[in-house]
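For reference, the structures are reproduced in the following blocks.
Paired with subunit B in one complex and with subunit C in the other, subunit A is shared by the two complexes that follow.
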Partner chain A sequence: MNGRLSVTAVSLLLAVAAPAQTENLAVPPYQGVYEPQGVDERGLWMEADETERSARDSGLLIRDQTLNDYVRSVLCRTVGDDRCRNVRIYILRIPSFNATMFPNGMMTVWSGLLLRCRTEAELASVLGHEFAHFERRHTVNRFRRTRTATDILAWSALIGAVTAQPSNTDLLVIGGLFRFNRDQEREADVLGLAYLTRSTYRPQGASEIWVRMMGEVDASALGRAQRSRRYDRAPFFATHPTELERATYLRSLAGPDIAGRADNAEAYAAAMRPWTRIFLEDQVRLNDFGGTEFVLAQSAGNRWTADLLFARGELYRMRGNPRDLVNAADFYRQSITQDDGRPEAFRGLGLALMRARSTEEGKAALRRYLELKPDAPDAPMIRALVDQAF
Partner chain B sequence: MHIRTYMITAVALLLMAPAAAIANSLIAANAPVRIANSTLSVTPSQDWNKLSARPGRSAETWTLDGDALNNLTYYAGIQSDRPLFREVDRRNRPLPRFSATMLLADIPTLLENSYRAGRSVAVYAIEQVEPVQFAGQSGVHFRYSFTAGDEVRRRGEAYGAIVSGCLYLVTYEAPAIHYFDASIEAFRQVIASAAIGSGRR
Partner chain C sequence: MFEPNADWTAQARENIGAALTQAQATLGNRVIVQPDVVGEAAQIQADYMALFSAIAGSVINYQFFVGNRLPTKVRDNRAGAFEWTMGPGVSAIPGASDADYALFIYTEDHYGSTGRKVLQILAAVSVGVAVQTGLHKGYAGLVDLRTGNLLWLNADMAMGGEVRTPEGAQRRVAQLLEDFPGRRPVQAAGAR
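After this line comes the complex of A and B, so read on.
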């Protein structure tokens, strides 16, 4: 049902988005260093500076210099060195798909985003979008717009109380405010795509991300036996356009003649490798079976690495239905076939088998874990399990 | 007219409710206390405060200086297919469920994943897991540390056992700086006094 709905909606939206193809994808001349103007903007910058101080000291901050340099280099290649110079990037260990931009030039990139991107071009498209918010000074405009809207609401409440006349001004104003946010997101998407087009990256990555996000949201909902969202129209209170709308207009705007450009998937994978295990571990522990299974399958493509198989084993073992334990043991075994040097794979295999009552085989795997990692934090507990008589 | 009377009564009741909701109670020293109507009981040797806000139906929280500074939480008799604590957002952030088929070695992960899914804790490390006798049962003892949204690094210590298919887990958490060490002994004394009755609830 959802699939059919999406296809119909895609074709509808393609029709709507088609005229946008002629939209100007030129990057405006860069204004250089900017200082906040007026009391609103100075206030917002001051708050952003305060947020930046907390981000700098945050326990979530990933300080690995190599990873930070890499992400910065992708931003610089996307928006150009002159623009890039005004941005400080903070990589935070938060397992959700997000990045944020603050008016003072602080950008946060979340580890969940790094896990979900498959190529440098995809990361570039998200960073470019965030930078576009900064270049267009969206925060201060949104702040002013919100203040005007709340002013109108306050006055309309007062006038309504005096005249006792029902009015639908409130809905119009509130709806307008959320529509304004969505328009800003669209504007940032288009400018972000303009950066990509000017850079050396393949701009099609921008729309592919949103297609995958829809897949993940659907998989997540399915795993929780819920109905998924609609993508063919934005709800009244949505701050962003739907993933479908974004995927559609980004695809139609990306020049087909440059679809053959590099997206640097290998370079991206190599840069993420030292962190892949940690990012996967954070994802697997979120108790989102369907969504995580989707993310793992997307990362794998047609090659399941030892790390991905191990993560999948953990995911199934943690859900822990009898059939899951059988599958988990299988994934651990496949992971071990590719790389038998990771002690935790034997731990997972042993625990899955013991829970599935294959006691002797489970104990053998746990003994191997203890041999490989005798001083593991849980070695005393695992040793007790191995020695336990059933 | 009647409607107005009802409204006034309803508003008055609403105003009174918070006063009752924040009434914490004293747990006096040296008297056995039954936890959350379960078969778990303890006898503390010093006074504790019991918070009236409970993390879940089968849970309760005690503290000495406030729950951000030292937090002793009992999960007493969690049945199979139930989460450890109340779900804040069941649709978008459902909690992992306890299962009677879990091994003792799975309990630390259950607590970790509940924090990650339900309390948005992104940095959490299990530091030690070992077998222990808890309330006269074979149980698990583990130490961990984590950083929650307030950016305070906390250390935790927990004792758990699975009895008749139900999970009994007691956790103690406090900021790593000063507070953890300051009241860990009071927690361990409570644990040493714990007993799980044989009768069903």
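After this line comes the complex of A and C, so read on.
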């Protein structure tokens, strides 16, 4: 028992001394189709297969062929057709910035990620990172590492209870486990950037995403009157390196000579256009005023589209302070100026105005809503509001 | 920590399937296995499986534990009422047109490693702390496919029967289907 514990302690110290920062951007030769080996890996694959079955039949799954083909084409262009062939992509309607990779080759891409990316190259960098977890078989390694750690913790808890000796083994083991996780993320970041470098995409996007994420986290915390995270060092229980660390090493790894490559921002915007309304609607409902304001402003850049203005109107109307209602009405009006065919903009405008005590103007907007969408699910309620004498 | 084992799962699935086929003679009904479906039908099925597990969880929490009744159900349940429904939409479940009732079965087992069992015993004798070395839970429910009403539910969070063996699986299935409505009074093989 002692021998095992001291070995762990030594390996932890080594991990501190030599952080996984091997700046080698070579993509290893591809191993081809892989079958799980041993009890652990086969068990994990079985679980992943089960998860994949439920994802396939899930109500959250976006089944639109065009969008699926597009995201898949970005992955294939990033990692190459041979690697791409082993991955099945599932686009899930979840408004958070995330994508996940399972050991059996199932990848999930969340709608919140698609909303936040601005270019194809940025999406490519995230997909490449996830694929790197797959190629390096990170799940099974993390599983084994976690088992060892929980074994040590269980036994050391017993020994500690019996001997009544205080011990800091637990902290070392737990800290080591989270550090191991962060090292895996770093490794996936580096390999992901290697794919990008080998592809035709501009690799600088990989770092720019994390800079924006810091902005969003700060804005979200500010909106909730909370203190934001610190980015200069990873907290004890962090599973990922800090956004600042990732942005920094990804920027230093991205070759300056290929900064002029295409990032296909226009193609990306075109592919997302049919989905923007839905993704924005989900984002607004997160009840994250600061974060959503940031995301909207980032998506807008210097051009606020009708969809973005509508979403901003909804965001302000839902917060609903008297001053918010004035702003909301303004955003709805601007949205209508650009596109007067969206009934919900008149609905939002009408409701905001009525709550801001501009009753007649509000009723007029609501009437317009009923004209445009007479069979809306909330039509009877809105009609009652319009007919009511104030 | 839970460690998935593909072989055990495959074995248990096969054993329980065989045990169910064997047990159906005692159920007083003809049992058909739900067809394998794809596409939209699979979505409907997945939705109803999820709904059933949510309802079963509620029944176990709020009906089976008398002291834990939902405030809105306290009065009804005092009279021994059993009123839970999945709604008439269940008739859309694939295969429902060929059946009168749907039987949902769920079972989950975790087996402790030898090391874990040694730890359990040592912890019990040295400091008197209970260490969990496994999980054996399951439930079975019967739903009327015309109304969606839940007619019967049997749940046990500590079941017997080693499902990795055919005999154990028979015992597990017999336990799951204990008190099945309309069942003939015949003991299934291996049941105790």
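Definition applied: the second predicted complex is superposed on the first by the 362 of 390 C-alpha atoms of A that agree within 3 Å, B and C clash if a C-alpha of one lies under 4 Å from a C-alpha of the other, contacts with A are read in each partner's own complex, and residues count from 1 in each chain.
FYI, a residue touches a chain if its C-beta (ideal position, glycine included) is under 8 Å from a C-beta of that chain, and two chains touch if they have at least 3 such contacts.
What you see is a predicted model, and the numbers here were worked out from it, not measured in a lab.
In this overlay on subunit A, subunit B clashes with subunit C. Applying the stated contact rule after C-alpha superposition, one finds that A:M381 touches subunit B and leaves subunit C untouched.
In the superposed model, A:S58 lies in contact with both subunit B and subunit C. In the overlay built on the shared chain, the residue A:A154 is in contact with subunit C alone; subunit B does not reach it. Residue contacts after overlaying the shared chain place A:G260 against neither subunit B nor subunit C. When both complexes are overlaid on chain A, the residue A:V162 reaches subunit C alone and has no touch with subunit B.
With both structures placed on the common chain, the touch criterion links A:P235 to neither subunit B nor subunit C. Of the two partner chains placed around the shared chain by superposition, subunit C is the only one that A:E47 touches, whereas subunit B remains out of contact. Within the superposed three-chain model, A:R285 lies in touch with subunit B and out of touch with subunit C [touch as defined at top]. Working note: subunit C versus subunit B after chain A overlay, options 8-16, 26-34 or 62-70, clashing stretch identified as 62-70. With the contact threshold set out at the top, residues 54, 57-59 of subunit A are in contact with subunit B in one structure and with subunit C in the other. Within the complex, the subunit C residues that touch subunit A are 1, 3-7, 9, 42-43, 45-47, 115-116, 119, 122-123, 126-127, 129, 131.
Within the complex formed with subunit A, the subunit B residues making contact are 91, 93-96, 99, 101-106, 108-109, 112-113, 116-117, 122-123, 126-131, 140, 142, 147, 151, 153. Residue ranges of subunit A in contact with subunit C, taken from their complex: 39-40, 42-47, 54, 56-59, 143, 146-147, 150-151, 154-155, 158, 161-162. In the complex of the two chains, the subunit A residues touching subunit B come out as 54, 57-60, 93-95, 224, 226, 282, 285-288, 318, 320, 351, 354-355, 377-378, 380-382, 384-385.
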